[in-house]
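Just dropping this structure here.
Letters A, B, C and D mark the chains in the order given here, with residues in each chain numbered from 1 onward.
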Amino acid sequence: MEPILAPESIDLIALAPVIVLSVFAMMVLVVDLFGARDKGLLAFISLIGLLMTTISAFAKNPIPAYSFNDSYTVDHLSLFFICIFTISSALAILLSVEYNKREGIRAGEYYALILFCTVGMILLASSSDMIMIFLGVEIVSICLYVLAGIQRDNHRSNEAALKYFLLGAFATGFLLYGMALVYGSTGNTNLFKIADFMQNPSAQSNPLLLMGLVLLIIGFGFKVASVPFHMWAPDVYQGAPTPVTAFMAVGPKAAAFAAFFRVFAETFAAMAPSWEILLSIIAVLSMFFGNLGAIMQTNIKRMLAFSSISHAGYILIAVIAKNSLGSASLLFYMLTYAFTIFGIFGVIIILGRKGEENLEIKCYSGLAYKHPILAISMAIFLLSLGGLPPFAGFIAKFYIFSAAIQEGFIALVIIAVLNSAISFYYYLKVIVYIYMEEPTAEFKVSMSPLTLFVVLVGVAATINIGIFPGSIIALASH
Amino acid sequence: MFLTFVTFLPLAGAAFLIFTPKENAAAIKQTALAVAAADFLLSLFLWTNFDNTTHKMQFELNVPWIEAWGINFHVGLDGISLLLYVMTTFLTMICVIASWDVKKYIREYMIAMLTLSTGMLGVFVALDLFMFYVFWEFQLIPMYIIIGVWGGPRRVYASIKFFLFTAVGSLLMLVAILWIYFHIQETTGVATADILYITEHLSAPLGTQKWLWMAFFLAFAIKVPMFPFHTWLPDAHVEAPTAGSVILAGVLLKMGTYGFLRFNLPFFPQVSYEFVPMVAWLSIIGIIYGALVSMVQIDLKKLVAYSSVSHLGFVMLGIFALNPYGIQGALIQNINHGISTGALFLLVGVIYDRRHTRLIEEFGGLSKVMPKYAVCFMIVALSSIGLPGMNGFVGEFLILLGIFQVNAIWAACATSGIILAACYILWMFQRVMFMEAKNPKNLALQDINIREAFTIVPLIILIFWIGLYPKPFMDTFDTSVTHLVAKVSPDNFGPSPRNRHDDQRGKHARLITPTEMASLHHKLQAPKKF
Amino acid sequence: MFESTVPLPHYLMLSATLFVIGIVGVLIRRNVIVVFMSIEIMLNAVNISLVAFDHYMNLSSGQIFSFMVMCVAAAEVSVGLAIIIALHRNKPTVNLDEFNLLKW
Amino acid sequence: MLLKLTCMVPLYPLIGSIINGFFGLRIGKKAVGLVACGSMALSFLTSVLIYAGYLLLPEGQHVYEQIVWTWFAVGDFSVDFGFQVDPLTLVMMFVVTGVGLIIHVYAVGYMREEFSYYRFFAYFNLFVSAMLLLVMGNNFLLMFIGWEGVGLCSYFLIGYYFEKKSACDAGTKAFIVNRVGDFAFLLAVMYIFNIFGSIDFTEVMHAAPEKLIYGGEAVTIITMLLFVGATGKSAQIPLYTWLPDAMEGPTPVSALIHAATMVTAGVYMVVRCNALFNLSPLTMTVVAFVGGGTAIMAATIGMTQFDIKRVLAYSTISQIGYMFMACGVGAYTAAIFHLVTHAFFKACLFLGSGSVIHGIHGEQDMRKMGGLKKYMPVTYWTFLISALTIAGIPPLSGFFSKDEVLYHSLMDGNIAFWGMGISAALLTAFYMFRLVFMTFHGESRVDPSVHPHESPKVMTTPLVVLAGLATVGGMLGVPLFHGWHILHNWLQPVLHFDLASALQHSEHMLHAAGRHAPSWTHLLEPKEHSGWIEFSLMVFSTIVAVIGVAGAYIFYIKQPHLPAKFTAGQWGFNLVQNKYYVDELYDDVVVKPTVKGSNLLWKECDTKAIDGAVNGTAKAIGWFSRQAQTLQSGFVRNYALFIVVGFVSLLLVMF
């Protein structure tokens, strides 16, 4: 047996973001332990940590670089994803400060958990080994289990955590089994080696491998909340504290997609015909069930949960397209999605009241005439989610569709566009309440500067990326 | 640059209004009017400086927008779009005046109106498919808001219906646009969505072209709206506020017909030619159906809305006559419909403001109470039914003349629309304006006031101007239409349509900047695997 | 290292059976703890496969993998139990079907 | 040059109309009347000057064209806003401006009591302007402006009393029925452009024999369409129903629009397009038959009506039928001749009836008149003269023109046409004198509270002038003596048609198309025109007219109980009195089904089917949405089950 880990293959510089962030996370824990009364300090440290992480991510040059026996990769995809993660974590932390104060979440681990979760996401997006992927998935998941249930005395939060935990663990079983089967049929856990192995046509028809692929799809499908593995998402999104929901909808999802993309579009690209159809079915189902589910919702968080399921469907198209446009569009989509989602949840937090109240859509009646800035921001976010120009969501969708069209998945794109037409309906419904109904009750808003800042960042990014997407596209499509 | 300025001026005005305190209604209205009027005057300046001896785009601006995709910010006007452009600024101005008495959220209203204006102008100037699509979808938002916030009792239903109907159609167009984009990239090696370039170089297999054509058709047919995609229109019109209806009828519907002229015909001449019978019959059904249904309406606005279906049927018929008479007729009829139907909506708005009802049975004998109003209404109504000497006739006659060259039976069927038009308009007019004023609520109605006169008189002047001396209008698009007709002429459909443009190849090469070329090369050479 | 007389498919069958048992356990049991344990069975079923593969193909990463799985499972257990306890504080039950606030 | 004034002729009334329309209320009634009549007088005088100018035209030039501007042009299609002056136009101009002026003067008196006096004159002047455009336009489309313009003014003026529902209905009906004709007219214009590449009268008429095959499909369709247009405007079968209803308008309107000018526009148009009609024997026959049939039918209805204006309206329809019959047999001169004389006497009759109505305060029912002779002598005498004229008593003008029509219908047509014509003449004489006797003679049946009185000078003077014209108008076309037929000679340049060369061209075209040309030699045989036959026909028709008058005398003066006896319980009489139920037929067959069908289209097709499909899609999505929601049961184990089911299904798809 050869040595498992050659010392020269360990490249800590490549691993810098993980290390930096872990250090900061532990620092948060320590500071909290030694009586930081002001949780804002923790948030501040976390933000600094995220900033340092982002900077350290670019320490490795040139890219692509590999570390730990090629099980950790620093490439364009992972760098971009790290940026998405740090941005979304930062936004989540910004959203949390005021929210936690209001909801009485005093736990200092909160920020540490977010940072650890981000570590997991970075690992997930950078891993090129199944073991690493598994670790990443689990780090992310375990943090999220806790985060979802961080409001210990809230029944909904508890229930969300339980559901998420049980189902998450259940799905992990599938993922793991899939990995085991893939490992068994290829003899490798390293994705590069598996990809090489796949060049051999006879290897592609191994039933064990195919079975493993199906199981992997389930595992990843669960993490990205795609139908029929999505059932947890609405409940968890609704029950979890709002900033956590926002965080969950963006960061971990993006990380899962990164892994999804790496495993399927890159590693198993050679046997695409056998999984394309499965992913297409899942994508179509996700779009349909996501949108159909969203139409009837009255709770905005739950509606956004369903909407995020349908978005998972759209993003899957990028995975299916599996070309360079596909990866670029995936990156672009996740970035714009992050800004939009955090913006929208920012508005929700501002309008929410203690105890997760005031989340019914009809509570927003007449918002436009009391708080025009919030109203227009909300409208912009919703329209962007719907994919209407000139907002970022449109460019993102356009990007993904173009990737699919380039590969000839025209039917898939047609289904997707029809679905976005359905999705307009429920996005518009919210706008109807905001703009076209008369105010029914007074709005008690907690217009905290940090939250407002997130909203404004979201608006600025959504519009700016929508109108001048050039630079981001250039970054994404390297 | 100037064109860009004119196009975005209303948006800038809207942005300015955001920072105006909402209590100061007068200032808001004056600012909005000033912006709209300035925009109109500037667009007139475009018109006077327009060189109508060439079909080429003018006032062009072509700068890279999304370099990675080869998408440019490319604007320009030719004869086909210029008049629609001017009409948009004109109607925006009229609509701002017409909305003077809006009480509810006047600032937001004006912002929406001005934003809408930029959206519509953008559609007409865009020379890049991507950009076109952006504007095409973008203008939905302010219109949706205008209908939904300032509309009638069923405004929410109407606004969502309007939005979804249009969105469904245009989303399929998006797929077609993407397909074309990649096809062009594949066949010519140039990543571009430039409309002019695509017009020159698109050479898809005929079967595919049919699908693409259908995708564009659906988007535009819904917008026009053609039978049987029209049912959003009556709802939207009925619920929209007066100015919304005017813009809807005057400009938004024209975007559909414009789309046919800018995309369906030049992109897919052969397919367009093959689909002529289908479009013609749909248009004819639309003409007759719209007129018949219009006849039995009990709501004034609905009546006018259905009459739009009928009128736009004429326009479509003219376009698909594929000869200069028909297309020029269609273009002038586009303008005419904007003016006449716009004016009709304004006039209906006048009595709606006073009586808060649009039911025909509520009125009667108005010409005794409001004689000036009655005269205006009469003139507009007559223009709408195409009385010779007024604008409607010129367009309708040319359209019929055009389609007569193609098929006399179609012409005969379509011509029957003018009988029905007389029926529904005159019957309505009689019930509203003539007979005894039985309803006591109508006895004390104020005649048209100065502000309302300011909105309607310019339209009436145009009605007669175009009716008696349409030359300045028709000269504007004469050359462009001739060029277009030459393109869709069936003589052109050789086995390989690309060959005939061999000599013109490279003419648009300048559209592709070096950076774009570089990024394209990079993309082509970049390894797929990591 | 000794030569095994048990062929690989047997291990795999065992692993699959255990996995299915785990699934069925999750599906039919109502007790949170039992469901949780069923999930652990599933994870361990996977471990069997991993180790078996390693052994028969003379590899090593599978074993490492299975250690990782065990570690993670342990972590999961701690978090999971913590959640269940937190839950139990608010609502003294371990019947899964009673956690039904969030639906539709 | 005097002819440069051509464009001024329609412009004066237009200006008058605009002045009256915009400032009428401010400047007062007197000024309004002055403006209206003044503009008409100017127009008339200008016409005279143009006539002079026309006479000064160099030898051989028969048409003067004045292009004011190009209306619109696309490619090779171009329409000018241009006027033309030729003999036919001049005749029509004089009729329109002359008779128009007289009626304007009359109307000044007749409408004096009206509040919206100015509105009336604005419309009235506008009408004249449009009518002049119609007769002076040098192409089909300009004619069409006038064509629709007169229809529009007619609509306004019929509905002048817009508070009366019947008036509004009548106006709308007139416009819509006219539009049916316009529809055909427009199609004809398009067809003409398709063939000739031009729609200028001069060009088309000049090129017609070269481009159209005699009796060919194209020319038949074109002329048929044109004729349908004419039936609409000129109230012929089957589109005549609007004219009787049009009597809802003020009487001067009936006189000018619905008797003298507008309704004869169809005749003018047919004559103007004689070069086309000459090429289609089938159309000519149809025209003659429709004309003759209308003449008889309208006359029969006229006999049974009691509303004084309606009788005159049917009489108008009947007389226009004569004109068409003349056109149909190729006697265009006769048609124009009758048009002119008819303008005089029918205007006089209408104005007379207006005077009567005015004198007895708005009563129109003849059963409530009688014995009015002594109260309104001027009206009576002028009315009588006109009635004699229309009945065809020599030497009044109607005698000459009607006889010319009858003579040609026999000589150029056949005995059937003549039969129709002569029977219509008999009926005409009868019902006109029935009218005269019932109104002016016998016992007074006037409501005792009403004191009949003669109309003021301003109204009676026009009557006298028109009666005079009706008396001497026959001089325009004295028969029998060669060269005395002024009108015939005058119109020669317009009506000249070389059939022989047209046939030759047709033959060439047929041969070129590889088809066989039929033998047309019989067409070229010179027609016999015998003064002797003409004279005997004159005598015969005079006798017929006298019989008609005498019959009326017996029925309504001598033995007034007879009519009731004859008509009581007669189904035939009922049928005729109810105008053959044509209105009801149209109502049941066309109007009601259309409205019903439209309602059905709207409610069933639009709302239920199309919009139903749209909303149905939305509803279906909503339904699916609710179904999908129920899956989200909230039970964790259910969710796990879904994962497993998904797993199994994916496996099934995979393998």
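The rule is simple: contacts are C-beta pairs under 8 Å (C-beta built on N, C-alpha and C of every residue); 3 or more make two chains touch, one makes a residue touch a chain.
As the structure is a prediction and not an experimental result, all values here were calculated from the model.
Enquirer: Just to be sure I understand: the centre of a chain is the mean of its C-alpha atoms, right? Then which chain's centre is nearest the mean of all of them?
Expert: Closest to the centre of all protein C-alpha atoms: chain B.
Enquirer: Between B-D and A-D, which chain pair shares more contacting C-beta pairs?
Expert: B-D
Enquirer: Provide the C-alpha centroid distance between subunit A and subunit B, rounded to the nearest whole angstrom.
Expert: Chain centroid spacing, subunit A to subunit B, equals 41 Å.
Enquirer: With chain centres defined as C-alpha means, what is the inter-centre distance between subunit A and subunit D in Å?
Expert: 79
Enquirer: If you average the CA atoms of subunit A and of subunit C, how many Å lie between those two points?
Expert: Going by mean C-alpha positions, subunit A sits 26 Å from subunit C.
Enquirer: Of all residues in subunit A, which are in touch with two or more distinct other chains?
Expert: 162-163, 166, 170, 234-235, 425
Enquirer: Can you list the subunit D residues in contact with two or more other chains?
Expert: Correct list: 629, 632, 634, 636, 640.
Enquirer: Would you mind listing the residues of subunit C that make contact with two or more other chains?
Expert: 23, 26, 35, 96, 99-103
Enquirer: Dump the list of chain pairs that touch, please.
Expert: Those chain pairs satisfying the definition are A-B, A-C, A-D, B-D, C-D.
Enquirer: What residues on subunit D touch subunit A, complex-wise?
Expert: 618, 621-622, 624-626, 628-629, 631-632, 634, 636, 638-640, 642-643, 645-647, 649-651, 653-655
Enquirer: Help me check something: in the complex, which residues belonging to subunit A touch subunit C?
Expert: Interface residues on the subunit A side: 1, 4, 130-131, 134-135, 138, 142, 145-146, 149, 152-153, 155-156, 158-163, 165-166, 169-170, 172-173, 176-177, 179-181, 183-184, 187-189, 234-236, 238-239.
Enquirer: Give every residue of subunit B touching subunit D within the complex, in rising order.
Expert: Counting only subunit B, the residues touching subunit D are 161, 165, 228, 230-232, 289, 292-293, 295-297, 324-325, 328-329, 365, 367-368, 375, 382, 387-389, 394, 397-398, 400-401, 404-405, 408, 411-412, 415-416, 418-419, 422-423, 426-427, 430, 433-437, 468-471, 474, 478, 482.
Enquirer: Which stretch or stretches of subunit A touch subunit B in the complex?
Expert: Residues in contact with subunit B: 64, 73, 75-77, 195, 266, 269, 323-324, 368-369, 372, 383, 388-390, 394, 398, 401-402, 405-406, 410, 413-414, 417-418, 420-421, 424-425, 428-429, 431-432, 435-436, 468-470, 473-474, 477.
Enquirer: Which part of subunit C faces subunit D closely enough to touch in the complex?
Expert: It is residues 23, 26-28, 30, 35, 96-97, 99-104 of subunit C that touch subunit D.
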